[in-house]
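Multiple structures follow.
What follows is a pair of complexes built around chain A, which joins chain B in one and chain C in the other.
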Partner chain A sequence: MAKTPPAVFQQRFSRRRFLGTTIAGMGAALTASMPRISVADAKTVKIGMNIPMTGDYAPWGLPGLYGCEIIANNLNAAGGVEIGGDKYMIEMASYDHGYDTEKSVQGFKKLVLEDDVKMVMMLGGSTVASIIPWAMRKKMLTTTLLPSDITPDTPYLVATCESHPLYNVTGVEWLAEKNPDLKTAVIITTNDIEYGKQSAATYKAAFEVAGIDVLDTNFHGFDVVDFAPIVSSLLAKKPDIFCMATDVYTTPIIEQLFHQGYEGKIVSCTCDGYPDVIAKTSKEFVEGLVFQFPDFDDPKLVGGDVNFPDPGGFDAAFNKDHAGEWSAVAWEYPSILLNWVESAQAAGSIEPTEVLQAMKSDESPAHTFGPGKWWGAALWGLDNAVIGDWPVVAINDGRARIQEFRSVYNWCETNVAELSKQMKDLDLRVA
Partner chain B sequence: MSKAGILQIAGILVLLLALLVLPNYLKYHHQDFMIFLFINILVVVSYRLMTLTGEWSLIHIVMMGVGAYTSALLSKNLGFPVWVSMPMAGVSAGLMAALLCFPLFRMTQFYFLIGSFAVGEAIRLAWIFFVYPFGGSSGVSSIPPPELLGIDFMEPIPYFYLVLSVVTICLVILYRVENSRFGLTLHAVHWKASLAESVGVNTWKYRSLAFIVASLFVGIAGALKIHYLGNVTPHQFGVGTMVFVLIWVIVGGYNTFFGPILGAIVLSVLDESLRDLEEFRPAIYGVILIAAIMFMPKGLESVPSGIRQWFSQRKSPG
Partner chain C sequence: MELFLQSIINSFIQGGFFALWAVGLVLVFGVMGVVNFAHGELVMVGAYTIWLLHSQYGMGYIPALGMAILLVLLIGLFMERFLFRPKREDPLGGLINSIGVLFILQVAALIVGGTGPAKQVAPPFSGTLIIEEIVRVPYQRLFSIAVCIAALSLLWFFLTKTKLGWSLRAVALDREAAALQGININRTSMIAIGVSGALAGLAGALMAPISNIYPHMGHNVIITAFIVTIVGGIGSLPGAVFASVLYAFLHTFITAYFSGTIATMSGLLIMVLVLIVKPTGIMGRRISE
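== the complex of A and B ==
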């Protein structure tokens, strides 16, 4: 399947590119064009992050805060952002809930009631579920990286960046097209609903659509310390593809594949720590490993429809201060922040309901990897997730490199019935 | 009533009055903190009742979960009013404890401790395994808050007063239980089990009753917690949380009714003030626990008497 054709998504002026240009050095020109508004006159708008910054889930929280601070500092250095005729400096307000529902509620209320934030970014799962009743009653614009958190009762909850795990379909689709001889797969994943089972159901649907038989699926707990027996039992099925639907245990599982002499293809949802994987196996072994999250110095992120200002510069800035801490959320939360800036500018207001209205009124909202579409009613009961193109990434010569962009939206529109069936088979909520 | 008794009651009344006005002077964040603190106080005090018999278990937090899940499922799926589902939470936790008495109290001491951990984990894993009705690892969300005369119990201040009322009533009952003939028998079962049995006390029955009553109250604590959070998951009732309860009780001291309360208050305040040192929290807790065992084996509750003793020794030379 080709990249989303322009006919599908209306080509639009990218405010984000404008922001990128601003960040890159047009602060002076901007100031000159609005001489009556100085930095000293600027107001401050706070954006909240209620995320895990410590504990097992910290890699899915803390790098996002670092990334947002880079973007906020850049925007502020360029004089702030103009919203509704006023100049605003962006300030990040964060709360570490450590992936604890009790602290998540405390943190959310603190951010909203004490810090007066205008949007709260969250990871998703049970920590989002715990704040939903209160957040929806307060009409607080809240974001999640797990669109499966969305229900018909969550009008103020949106997933504007990551659409875990829908993007996985593009990797399978690409792999099947490039390797028509691949006919069988096995899946390994965690047994939780938020991440593991959602991802397994999506992969199963993608394999089914691609004509690949899933021979076995292993749902394991979070307490596994030795993957040798699990990997052995899966390899006994002699699969052409070994699929890891969640990333928590990517490194020890790939180590086992290496030690047990696996020679087939490996597909993974994410592989943030791939340098570590290479160090523990070999560059040759992981060559061609397919996953979904690019490094941001990837040449294919420059130009095209990518809606992220200066990805390479961002990558360099992040690694300068936080080397070794990169994960996918490092760019995902900043991307959501940039979405908010665009929508607030379109709304001419920082108020959550007005910003949300501006977001939803855009039929082709800017998504990180190109224009997107509001989607989700068919699966979760509400069109509150933005999906569009997503990159297929493979490891080439020790580096994660984008192979091509593919449309998650087109796949979902065509195959939502299969996806829904697989979700139901795993007792997952479907609208 | 003795003068000391009157002073004690007066002190408690003053404390309650102070608590009635306190939330109006707190930030929202601290109002939430107070709500969870009161719930934790009920958890540790009910746990102490169990320890009176000399048995320490690792299942107490899971029994809290039994109450929490019961109230969540009754109110959300079956439409029970929260005012009904909350007491039912206590009843269900008590019934579950009654069932578990048969396998668990065939063991004592260390074996009981390990047995209680195994049974607790089995229950917790059942919540994860059975997606229907427990919601699997995601648990149950959108649990309704209580409804009464249009009061918004999703807001911290009304819920603070609800928790304060329920926990105060529960503490009074637990205090009365401990100081009743039944409570004294629990002490006897702990310290003089053979003697108690020789005079006709059924120690198995009293151990079981202590477990059931403790579970009943912690079940109510579970219901109080989840109707405020609006969400219940198996992860809230893991052994990690149980370890915190143990530390609160040990550091506070478990020889008097007020020791665990003191431990919960002091360590919760410390915990909150260490938010910026999150990564070091387990280490800090470890140091506190070791220091408490080494230098305050009777817990924080022994500090005032220790100070009094120190002063009296200084006043009376020789």
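== the complex of A and C ==
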């Protein structure tokens, strides 16, 4: 005969109670496994990216989206960002304009009207110029990586990260100080107004200030299949410094320098693919090559005034999922996103005009490589670019390593007249 | 003097590449009457094949070069059988189909290689030949020019000394008359595009270690190939080779002594002048209806 359970036990484990307890337990378990913020509390703020993700300019778009997704995921995983007493999850909304001006307008309107984004990040150049009238009427906070897009009529357009190509001056200044015997240079660059000529004018100003004569400047198109003739022509001038003002063809140009027996110094705006350059030349040949964009696992990015959380971890996360796709924009757009978060928190609002007001009211805004200053009126007619320190990078023993940080702001304040003159000489717009 | 001598060497190397690009285009146009706008993208596929197999998977350069030739040859055969043959009586249809292939191959390259900076291939033949400290030629470029000359010589032998080559030339001269003589037009077309594809694959494989590799690299190839083809004479293989060397010298010397932009403008100007003064090109022939 089976034992009858004690009355208390019977009472505690009645069928109804069992079911009730089980459901409650499952509910509690499910609740515990949910994020700390309840669904009712979770708000979402969308940040737009109207960038080239296909076509020739894709390397200056897509890696930035990947980088922003890493930062947004990290912020969201930590519970989101608190703005004005509310918690917000950050969602990236992107549009691929393929560096086409008409698509850029389409994408911008789509992001603002349909996705309700609170800021639109863009690369710059003609694709920004095409959206300016509408974006300014809408008072939409828009960012560019080319501060030369800024005019007195673009109050809602800011450049808070890359100050292309002003940062180039620090590399020349550093090289000239370390090597006072360098007296001559040649410059090679693409013949476009937005990137190539702006950069060439800046380098010319930097060389002039450093007391270095520019013997020749070669503006080439995007249709060059063989750089041997151009490099031969420039090397015939026997320069002490060979300067590459844009980066699209860095590798084949340096390869030609190697094969044609160049023995002087090399300066480049960027050299993201320097491991490929070494593979095509030699570690010894590129030793001391100076450029402006660090690897993000550089020890000098840890601590100090650098305003980027865990650069090494970011670098590892990016390369884990997107190996071989790194370019400077991989950290530049995320840096702008972080600027936005800080300003939105200061404003206590996500509304574009209020965030912009908070940004502009900060007299020492956070720039990626340290505190910056609003600048630009002297050159473009409006102080809407954040300019601060920028690293000078050189290749040492096969690795790109930051040599030191130098102030772009101080250089610009001192030498803006020379910069304006060189810009005007190349028919570029100045205030 | 150094610049002058170096420019001569640079011209010959460029001329070899221009000729490889152009003869494939001429062959397909001559035999099939199709302007293959995807020819530049076939060169690009050859370059990507080297990047993928040699740089990414470690295959030897020469076997990878063979694979590039084979792959592009197969793409060419596919295009002939399924895209050009059904549109044989409609040259515009063939042209539009080739533009479609152009876009498909660009997207395929993007999928295979991803975005980011242009792909690079370390040269398998490193080092530089230095002559009297005046002229310098990288061994990779020497290899490329030697292969270009060998490939063009083989093509010349094939076209002038073999029955298949004769049939190709016969179809290029008059397709209907050739068919009446018992020449299989379908087979001849397959051979023409096969040879064209193989040359494009070879050109891409040779370019890979000395240039940027990216999905749109075919644009520059097709523009140059068109200039050379029109100047040399549309449909004329010797004309294409001659015009390639001529254009390479012109382009290289103007680039070295003036600027690359003026060199490109000069090339286009010469093309326009040829079209006005001698529309059949330097070695082309007039076809009377």
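In this section, the second predicted complex is superposed on the first by the 391 of 431 C-alpha atoms of A that agree within 3 Å, B and C clash if a C-alpha of one lies under 4 Å from a C-alpha of the other, contacts with A are read in each partner's own complex, and residues count from 1 in each chain.
Convention: a residue touches a chain if its C-beta (ideal position, glycine included) is under 8 Å from a C-beta of that chain, and two chains touch if they have at least 3 such contacts.
The shown structure was predicted, so the numbers you read here are calculated from the model rather than taken from an experiment.
*Asks:* Following the superposition defined at the top, how do chain B and chain C come out on chain A, clash or fit?
*Replies:* clash
*Asks:* Would you check which partner chain A:Gly124 touches, where first means chain B only, second means chain C only, and both and neither mean what they say?
*Replies:* A:Gly124 contacts neither chain B nor chain C.
*Asks:* Per the contact definition in the header, classify A:Gly64: touching chain B only (first), chain C only (second), both, or neither.
*Replies:* neither
*Asks:* Could you tell me if A:Met53 is touching chain B, chain C, both of them or neither one (first, second, both, neither)?
*Replies:* So A:Met53 meets both chain B and chain C here.
*Asks:* Go through the superposed model and pick first if A:Pro334 touches only chain B, second if only chain C, both, or neither.
*Replies:* After superposing on A, A:Pro334 lies clear of both chain B and chain C.
*Asks:* Of chain B and chain C, which one touches more residues of chain A?
*Replies:* Between chain B and chain C, C touches the greater number of residues in chain A.
*Asks:* Is A:Gly388 touching anything from chain B or chain C once the two structures are fitted on A? First, second, both or neither.
*Replies:* neither
*Asks:* Now for A:Pro165: first (chain B), second (chain C), both, or neither, which partner does it touch?
*Replies:* A:Pro165 contacts neither chain B nor chain C.
*Asks:* Mind working out whether A:Pro229 is in touch with chain B, chain C, both or neither, as first, second, both or neither?
*Replies:* A:Pro229: touches chain C, not chain B.
*Asks:* Answer with first, second, both or neither: which of chain B and chain C does A:Gly376 touch in the superposed model?
*Replies:* The answer is neither, since A:Gly376 touches no partner chain.
*Asks:* Can A:Pro309 be said to touch chain B (first), chain C (second), both, or neither?
*Replies:* In the superposition, A:Pro309 contacts neither chain B nor chain C.
*Asks:* Have a look at 73-81, 127-135, 199-207 or 289-297 and say which bit of chain B overlaps chain C after the superposition.
*Replies:* The one stretch of chain B in steric conflict with chain C is 289-297.
*Asks:* Check chain A for residues that touch chain B in one structure and chain C in the other, and list them.
*Replies:* 53-55, 191
*Asks:* Which residues of chain A touch chain C in their complex?
*Replies:* Of all residues in chain A, those touching chain C are 53-56, 58-59, 61-63, 191, 218-221, 223-226, 228-230, 232-233, 236, 248-249, 251-252, 255, 258-261, 272-273, 276, 279-280, 322, 324-327.
*Asks:* Could you pull out which chain A residues touch chain B in their complex?
*Replies:* Of all residues in chain A, those touching chain B are 53-55, 96, 98, 100-102, 105-106, 109-110, 113-114, 125-126, 129-134, 137, 153, 191-194, 197, 427.
*Asks:* Sort out for me which residues of chain B touch chain A in the complex.
*Replies:* Its residues touching chain A are 27-29, 32-33, 36, 128, 131-132, 135-139, 141-143, 145, 154, 156, 225, 228-231, 233, 235-236, 275, 278-279.
*Asks:* What residues on chain C touch chain A, complex-wise?
*Replies:* Going through chain C, the ones touching chain A are 2-3, 6-7, 10, 13-14, 17, 110, 114-118, 120, 122-123, 128, 130, 136-138, 207, 209-212, 214, 216, 219-221, 223-224, 251-253, 255-257, 259-261, 264.
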